[in-house]
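The next part holds the structures, each set out as structure tokens.
Okay, so chain A shows up in both of these, paired with chain B first and chain C after.
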Partner chain A sequence: MRRPRLSLREQPLPGGQPLAFGIGLAIALFVGILLLLGAGHDPVKIYSRMFEASLGDPNAWSITLNRAIPLGLAGLAVAVAGSMGLWNIGAEGQIMAGAIAAAWVARVGGDWPGFILILMMLIGAVGGGAILAIGPAVARSKLGVNEIITTLMLNEVAIRLVQWLIHGPWKDPDSFNFPLAPMLPDQARLPTLFSRAHFGLLIAAAVIVVASVAVRYTAWGYELRIAGSSEATARYSGISLPKKILTVLVLSGAIAGLAGGIELTGTADRLTETISNGFGFAGIIVAALALMRPSGVAVVAVLFGAVQIGGQSIQTLGVSSSVSTILQAFVLFGAIGAGVLSRYAITFDSESHLTAEAKS
Partner chain B sequence: MNEASLVGLLFATVSFGALLYLAALGELVAEKAGVLNLGVEGMMAVGAVTAFIAGVEFQNPWLALIIAMLSSALLASVHGFFTVGLGAEQVVSGLSLTILGLGLAAYLGKDYVGLPPGAELVPVEWGPLSEWPWVGPVLFSQAPVVYLALILGITVSLILSRTRLGLALRAAGESASSTDSAGHSVLGLRLSAVAAGGALAGASGAYLTLSITPQWAEGLTAGRGWIAVALVIFGAWRPGRVGWGALLFGGTLALKTRLQTFGVDFSPIILSMLPYILTLLILLIISIQARKRPSPAPAALGLAYRREER
Partner chain C sequence: MNQPSSNTDKEPLSVELTEVWKKFPGVVANAGVELAVERGSIHALLGENGAGKSTLMNILAGVYRPDSGDLKIHGRSHQFRNPADALSAGVGMVHQEFRLIPSFSVAENVVLGSAPSVIKTGRVESDVAEMAHRFGLQVNPSQPLWQLSMGERQKVEILKVLWRDAQVLILDEPTTVLTPSEVDELGQILRRMADDGRSIIFISHKLHEISGICDHATVLRQGKTVAKSLPMASTNQDELARLMVGAAPTLPSQQKGPPPGPALLEINNLSALSDRGVNAFSGINFRIHSGEILGIAGVAGNGQRELADVIAGLRPSNGGTLIMNGTDITTESPHHRFKSGLAYIPEDRLGVGLAPRLSITDNAILRVYRQQRKGPFISGDRAKSYCSNIISRFGVKAGNLSGPIAALSGGNLQRLLVGRELDGKPSVVVASQPTRGLDVKGVKAIQDLLIEQRNAGAAVMMISEDLDELLAIADRLLVIEGGALRGEFDPQTASRQEVGMAMLSDKQTPTNL
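Right after this comes the complex of A and B.
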């Protein structure tokens, strides 16, 4: 019997990850056509609308870029941890912790001048994200507790913390008993760059550049990548793993926290349950598509942001938001599969050695 | 607090416990074979929606349950194909599966939102047992899925600990290369475990729409899939302990909606954090103990196996 099996290619296919993303997107668009036809829509009309709404004009670009900010920062948070072989699944919760901290600063300093207030909010957000990451960081570095599960659990804790705050202590007394946090003071809004794009774009870009350089070109980043590729080598060359794990996971949380702060001052006008609308989970995907390279997350984040914004825009045409969710999932699985196949080839064994021996 | 409301609380504890147990048992089987599947939430949602749709279309709850289990097993096999077949990263694939499952459930169910159920799993009558004060209304008037969960829990436990299949499955999760050397197909074992896990998550979802809340709405699973993932760790990968954990966590779900009726001034939202915080504590305890004895986690959990790379 001819059995398919994967064998490692001597050289990964040229184009590697961009190609994988492209294939993922192509598969998703194809599946999308089927879904749209199945629901009785005209795919050409829907797709052109998606493109126009996400990349068609400067206004569309500004909305897409605003979405790319939390996706990119969350992706960066995951990628920084990922360069060391650590999984931060908790960006979702850390974004919320960052937003909570920023919202708290805005409550305390409601009458501060705008620049100082926003600066303090963002610093608070960094702190909030870092605090949520400290527990998993210490547990991983001191006790070896798997960070995937601890960060995952804390997501669920953080979302409930947000819910509790806006249903309880932080409920706006003027909200007619709706569970809504009060609006941010006007001066707590980030200034706009063009169209709807806000200043957070520059902050996010700067953070991504600095982190990419730090991971790629500094001694610190070099040690990080060594520790990521082989623990034994790292230990042998005198790198203190526990300390490194601790700093990297806390840093990762801080970056995700910043995303929450920027989302609050830039895009949302108040703390809501959906302040991180799955951005943390999307960040894991962004980082994975960028092969855990901090330098790659920006491009992937913009593309993924375009898919999300395009997907939202077609709801006005009566297309269920679930179509866009499914499209995203297919981009992911397509890219995962293509990513594997760029490194492995499918070969067909006419007969495996073992069975051949057994028969002789 | 009167007797009726206390009985109501205990009844809900058992039914929520069974709901969580089914999904957690599925995750346990997959993890025992070495595959972490973070797609439970998505698989539950697909199970819930397909059960509801099948119930409306065929008016037979048992057929609906089977269709839900098959659908979720099929969905789980997507994860199996990518992680076991291609050796892709389990965390990324599992999270993608959750996104896919939630999206598919919403897409399939959009014409069924708000419809009355076509079929429901009616509580089992145990004759005199059901008349027994306290015990009867709590334990012996549950939907059949609850007893199914118990039977499946015992079955899984026995298969894992007493049979050759169970041994091979656990071996695939501890050391894939030695399982391969021993002549077992790691690929086959892991794929079946993932699909079986999906079927159980599907049964859990079906229990939601066929009995607990017999209707369909987007977001019906409400994060319970994540509790199931937590439960496996909480129960240290043992079917029995996971069962007790499911009752405990089911209790927090049951209590959440009833705090106010009991006149307790405590936020139900804070209460709903409890399962996750308890799991974190247990994880810490396991890790501290692991310095003296081996960790209960399957050693090869999360690792892809490719024969030529061993």
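Right after this comes the complex of A and C.
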């Protein structure tokens, strides 16, 4: 009897993760063709529209890049924790916490000059995300409480907090009783780079570069990677794990918080319930596709941003936005599958094969 | 070889293995093993670590497939493709590591995997209770598993196998988790099962336990059967020990180093707990002097692994003191101990000594990266040159230094690890199973490095399961058994059999040195 079996390759296939991502994208597009045909649409027309809307001209690029900012930072937050083998599933809530803190700074400093106000808002956002992560971080490092559960649950807390604020104390008196926070002051908007792309792009890029360098080249990042590879090896070499876990989880929350602050000052004009828009969860996918390497999240975030923006654009052609969500899911499935196959080979073992091996 | 006298009656043997071969890359685990177990008997399977017992039992239980050989259960030939096949032929194994679910009740654990699609809790519990009562296994079926002691959990494992109607039960070192009174109780339970017509294969190292429990013994050495179905009534512990360890090959003694200098490591009345929370070892006393290799001999699982971890600072002690170079380091961190001159080559190379997902360079600098900092950065150039230095000095065969460490062969991994640990000119070297799994060349290279350290005046502690190796390179030999030292030997004069007996029996003669 021949049974298929996965066996580890001695060397991963060349190309590795980029190839896996490409294959994932191809599988997703193929599944998309079937879906679109099934729904009675012309796939060529839909796909060319998706491409035009996301990567077709500078304006399309600017929208895609604006989307890539929160995706990239959320992905970075997950990847920094993931480098140490920790799972921050709470980026969604930390983005909201960052946005709340930034909005609070804007309320307090509404008449500050723009540069100071934006700077203080972003610092506040970093603090807000960090504060939401402190609880899970302390619980994990001191008591060993699973951070997946605690970070996940705090997402709910953050969303209720936003709802309470905009329905209650922060409700705009001029909103005709709609649950809306007031508009940000004009000087609290991040400057524009080109078309619609805003300055947050440079901030996010800088943060990703700094984090990548820190993880890859510093002693701090080295200890992080040792601990992520084997906790026993980290203890053996004298690395203090509790301290490391604490700082890394808080840092992860801070990065996600920054994403919330940039989203508020860059694209939103006020604090809303949908400020985090699923970026925190999409960030987990981004980080997974980047194999938890901070250096990989930027590219993945832009591609993922393009898929999301392209998916939104085809709604005007009468295609449900769910198609875009399904495509994103298949990119992930395909890439994970291809990633496994780049590291494992499919072999068939059978009786004849075993006896031949024994005789040789 | 002795044939069982009762083999002549008509009833087929419940287990008959003939000419079983099983090779793994680099090792022949079973080289034509023979085993015959009579119905209704308790059969001991003896052998040192690496003698091929576990491989053979995994073949019998359907976990491995043999390369060749015949497997008969109750006279019928079988080829098991998986453990389920073996179980349906009536062969069940009670593993050393329990596979139980803490939050489930005893009865739920027993029927797990073979339960009817609708579980009527009361019915299942009364069935389990009845079965437990029949064999004298005293457990409460409705009690949640986490409340049970290790001995009670073992009963649940046995019940699991009985529930699946196994006629042949394999118990892999069942007494390691038991207290002496629980061992007696287990013997009675096994006897009841044998009287019920079942056959039991009992794997153990502990000869005094076997003689009270088993009817026959089969002894394996280096993958071969050296004694088949010896009746326990006509043998004794000395003979079994000799069969297990073999005749003493007289090895040429290695060049001995300078006479021992001052004691560099003093262990005073040291105790520690195992991961299970029971005593791993207690009241251990010894000293290692400059210029000597102290060998620690013992069968795995007798406390030596925990002892090494405690010395390295990776496991807390719960009594006693550790003095290194005249200073008390009992409460110091692992890194502080390293800085004061302690090198540690752990048993688990890839996972404790090395970080498996990182590169060769990253692993090479594990002990020195703090000195290779330039501001917050680790200097890539310094790391690279340090790594190439280690690689060339210690003969590590490595291609790409930025490639993953896991791509190196076992021997090269160990050379890198040992090289890194010895690079800082340590005064005390603790090496746990440093040559296990290496090829002949690798073993020689690592042994030579340890001898070189000894000759340079370091105090070397070497833990090994390979008695021949210890007799060849150690200057002094201590035997550890059941978490206590059972004797000191001079490798120049001690016989292999003498040391082997100390390793295998638990004569209550703790040695204080």
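Quick note on the criterion: the second predicted complex is superposed on the first by the 350 of 360 C-alpha atoms of A that agree within 3 Å, B and C clash if a C-alpha of one lies under 4 Å from a C-alpha of the other, contacts with A are read in each partner's own complex, and residues count from 1 in each chain.
We take it that contacts are C-beta pairs under 8 Å (C-beta built on N, C-alpha and C of every residue); 3 or more make two chains touch, one makes a residue touch a chain.
Predicted model, so just to flag it, every value in this text is computed and none were measured.
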{"item": "Three-chain arrangement built on chain A, chain B and chain C clash or fit", "value": "clash"}
{"item": "Partner chain(s) touched by A:Trp220 [first = chain B, second = chain C, both, neither]", "value": "second"}
{"item": "Partner chain in contact with A:Gly228 - chain B first, chain C second, else both or neither", "value": "second"}
{"item": "First (chain B), second (chain C), both or neither touched by A:Gln163", "value": "first"}
{"item": "Which of chain B and chain C A:Gln315 touches, first, second, both or neither", "value": "neither"}
{"item": "Partner chain in contact with A:Asn59 - chain B first, chain C second, else both or neither", "value": "neither"}
{"item": "Chain B versus chain C as contact partner of A:Ser237, first or second or both or neither", "value": "second"}
{"item": "Touching partner for A:Thr274 - first (chain B), second (chain C), both, neither", "value": "neither"}
{"item": "Touched partner set for A:Gly144, first chain B, second chain C, both or neither", "value": "first"}
{"item": "Superposition-derived comparison: chain B or chain C, residues of chain A touched", "value": "B"}
{"item": "Stretch of chain B, among 1-9, 55-63, 145-153 or 163-171, that runs into chain C once the two complexes are superposed", "value": "163-171"}
{"item": "In the complex with chain B, residue positions of chain A that touch it", "value": "5-8, 35, 39, 87, 89, 135, 139, 143-146, 148-150, 152-157, 160-161, 163-164, 167-168, 278, 281, 284-285, 288, 320-326, 328-330, 332-333, 336-337, 339-341, 344"}
{"item": "Chain C partner contacts - residues on chain A that touch it in the complex", "value": "1, 10-11, 214, 217-220, 222, 225-226, 228-230, 232-238, 354-355, 357-358"}
{"item": "Sites on chain B touched by chain A in the complex", "value": "36, 38, 78, 82, 86-89, 91-93, 95-100, 102-107, 110, 218, 223, 226, 229-230, 233, 267, 269-270, 272-273, 276-277, 279-280, 283-284, 287-288, 290, 297, 302, 306-309"}
{"item": "Chain A partner contacts - residues on chain C that touch it in the complex", "value": "21, 23, 65, 67-68, 81, 312, 314, 333-336, 338, 344, 346, 348, 351-358, 362, 366-367, 369-370, 373, 376-378, 380, 407"}
